[in-house]
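Per-chain residue numbering starts at 1, and chain names A, B, C and D are given in the order in which the chains are listed.
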């Protein structure tokens, strides 16, 4: 049981956080809260990849003269880290565009609350 | 939408005006060059420690944005004018993609630094300098785009 | 050299054009449009060369940066990707030629950013089509998505809100896709599609891999606007400017459908797909059938031409989903052929709506009268041809895609799919004849004065807009007559061997 | 409607937890991602990068090497995403004051 918790607590926590982010995007009425939910979902997915890269007892992915390259067990898996650098930037830029759209909506309708917005769009 | 935009933009909003406090002025003017220096360090040291184009670019952008925040939009124009940001951003991406095209023209596959036309270097160091050149483009694009998005969100 | 480099040159031509347009546009505004047209023409040239190469030599694997596939990123040029790329570049070229006047009219002062964004959109879509790497696909999907959000955001007053909805749905889709890729990556240790296909038989019974696949399919279906996830599409297409819609509507959903083809038919283990995953295919098929009926019924209720076409797009995506669900050669042929035909037909119809907006200032169906046939005869003719093709009458292209789908449904005794196809044809007749009746028969005022005697000023759209519209309309007939050649020479080579 | 949404979210959470608990546990050195060779006989990318990065480019930081050489095309895509974001914000919020 303890081993199970040690091995999977991170994954289960991230699955829960992902669902919380989705909850924010689906249920909340305020558009800004939807954007926050989007941010949570993106961050969770990034964490998910990083957790997959973890190795017990390994160090950072910069070549260490003490270990050399013959022991790959001494380094974390560098591939997911690299991929997530890309995903972080994508998430940030999506956030920027979402905020730009929110500013556009606010200038047009002077509200970010969805029921009020629907009323004013008629 | 366009008329309301122009009205909003014609008067300086509070975010675009300089701050009143002299402490913030002095501090930001002092800190900003240091951040620029750290950004350059992070960028050039990316081969040996965590860092590289994105991180360096973000730090450089932070230095400029600090001046934008404290001095206001108009006073901070000389360090990075608003009209140049997106063009520099296109130029940075063009540097990256252009290096790929150079290696096609010299007979390799796309982005194969092995084929860069620098004959006196051996292949491993060709890739070393290829990575450095590419990161220059990344830094320029990230820095200028972050400033551009900030300017856009403020409205001018 | 071009033939061996063509997989990379197609997306990069678009992306280079996108980067050059802001620099060129700073010097001369008019040069931006020229750069966009030249870029898409060049990409069309490269994709035709790539098509010839792959038909002669078979599957070509292009190693970017010279690294072997599981290490580096692989681009795959096979008959399927070459075909979709050629379709994409062809439609883009025509829309770009069309775009000059329409963009000047609908989004003044923003031409440079518009052309740059549309090139980015096309570059992202072409990258999605070409890539053989799951994560690289995500990156290019995001390029296309970001450009798409921005293009949709500028239009009439409500466009911003619909663009925000599109952004939320699109981000959910992309994140689902990324999470699915994460589950598959952690279970198999590789990102290359061909590599995963080899490893699939070893891990296919792991729940993690199955959920990963379901998440990928779900994310792609969101992007493709499969039935219950289509809510963003009608708003986004209605409020955006005509040129943006004419770019996104024919191509955007098709490329997402292509990703579904790639993942389901080329990555998943075929035996596994035939036995255990069959339920997933069935669900996609039933959702597609529901989407066909729902989209057609909603299209009948609309009073705005662009909104009607948008709902019709939901229905047409359903046809492709049905073709995927059949998982047989006939279904495959039908889905690909329908994707081709629908791209051309829908593009033509959206261009017609753009012509009407330029000359009439609106594209509302209740306001149309038979004055239209007098003032814009060629546009009306193009609309009629495209509408006949959408309905699926034999000499036009639209018939043959539906024909193959119906044959596939009969072959596998899928009576539900067949019923949906037949009902939708009748519904198509209903909503297109409603427009055509107004266009040709309805008098201009309720008194019933016959205007055919009087002279109504000809105000046809300018040649730069009319010629692309007519070209697409005529190519519908050509595609209809050439369909046997297309099927045997282009589509049959792309059917995966196990099907 | 709200109940349906909550139900959907809970079902999604359940499915996700079933999926993640069938992954290899966190930090497991024997999981497929950390192997040297796949069962299919192809090298596993992560380990290959650790072993060959310094030899190929004389750069000790493996992440930089993967970012800008082995998977440089991803990074190019990412730079273009950033550029697209800049252009998109400009297109959405452009107010026409960016004249030199």
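Simple rule for what comes next: a residue touches a chain if its C-beta (ideal position, glycine included) is under 8 Å from a C-beta of that chain, and two chains touch if they have at least 3 such contacts.
Just so it is clear, the structure is predicted and the values come from calculations on it, not from any experiment.
K.L.:
Please state whether A-B or B-C has more C-beta contact pairs across its interface.
P.N.:
Between the two chain pairs, B-C has more contacting C-beta pairs.
K.L.:
From the C-alpha centre of subunit A to that of subunit B, how far is it in Å?
P.N.:
24
K.L.:
When the C-alpha atoms of subunit B and subunit C are each averaged to a single point, how far apart are the two points in Å?
P.N.:
Between these chains, centre-to-centre, one finds 35 Å.
K.L.:
Using the average of all C-alpha atoms in each chain as its centre, how far is it in Å between subunit A and subunit C?
P.N.:
30
K.L.:
Can you compute the centre-to-centre distance for subunit A and subunit D, using the mean CA position of each chain? Integer Å is fine.
P.N.:
The separation of the two C-alpha centroids amounts to 11 Å.
K.L.:
Which positions in subunit D are in touch with at least two other chains?
P.N.:
16, 20, 23, 33-34, 45-46, 49, 55, 60-61, 63, 67, 69, 71-75, 77-78, 80-85, 87-90, 92-94, 96
K.L.:
Which residue numbers or ranges of subunit C touch two or more of the other chains?
P.N.:
Answer for subunit C, listing residues that touch two or more other chains: 15, 19, 22, 64-65, 135, 139, 142, 146, 149-150, 153, 157, 160, 163, 185-186.
K.L.:
Residues of subunit B that contact two or more other chains, please.
P.N.:
Expected reply: 1, 5, 8, 48-50, 86, 90, 93, 97, 100, 110-111, 113, 142, 149, 152-153, 155.
K.L.:
Does the chain-touch network form a line, ring, star, complete graph or other?
P.N.:
Complete.
K.L.:
Within the complex, which stretch of subunit A touches subunit B?
P.N.:
60, 62, 85, 89, 96, 99-100, 103-104, 107-108
K.L.:
If you look only at subunit A, which of its residues touch subunit C in the complex?
P.N.:
My answer: residues 18, 22, 25, 31, 34, 38, 41-42, 45, 48-49, 52, 80, 83, 86-87, 90, 93-94, 97-98, 101-102, 104-105, 108-109, 117, 121.
K.L.:
In their complex, what parts of subunit C are in touch with subunit A?
P.N.:
135, 138-139, 142, 146, 149-150, 153, 157-158, 160-161, 163-164, 167-168, 171-172, 175, 178-179, 182, 185-186
K.L.:
Which of the residues in subunit D come into contact with subunit C in the complex?
P.N.:
Against subunit C, the touching part of subunit D is residues 15-16, 18-20, 22-24, 31-35, 38-40, 42-46, 48-49, 69-74, 77-78, 80-81, 83-85, 87-88, 90-92, 94, 96.
K.L.:
Give the list of subunit B residues in touch with subunit A in this complex.
P.N.:
Residue list for subunit B touching subunit A: 1, 4-5, 8, 48-50, 54, 142, 149, 152-153, 155.
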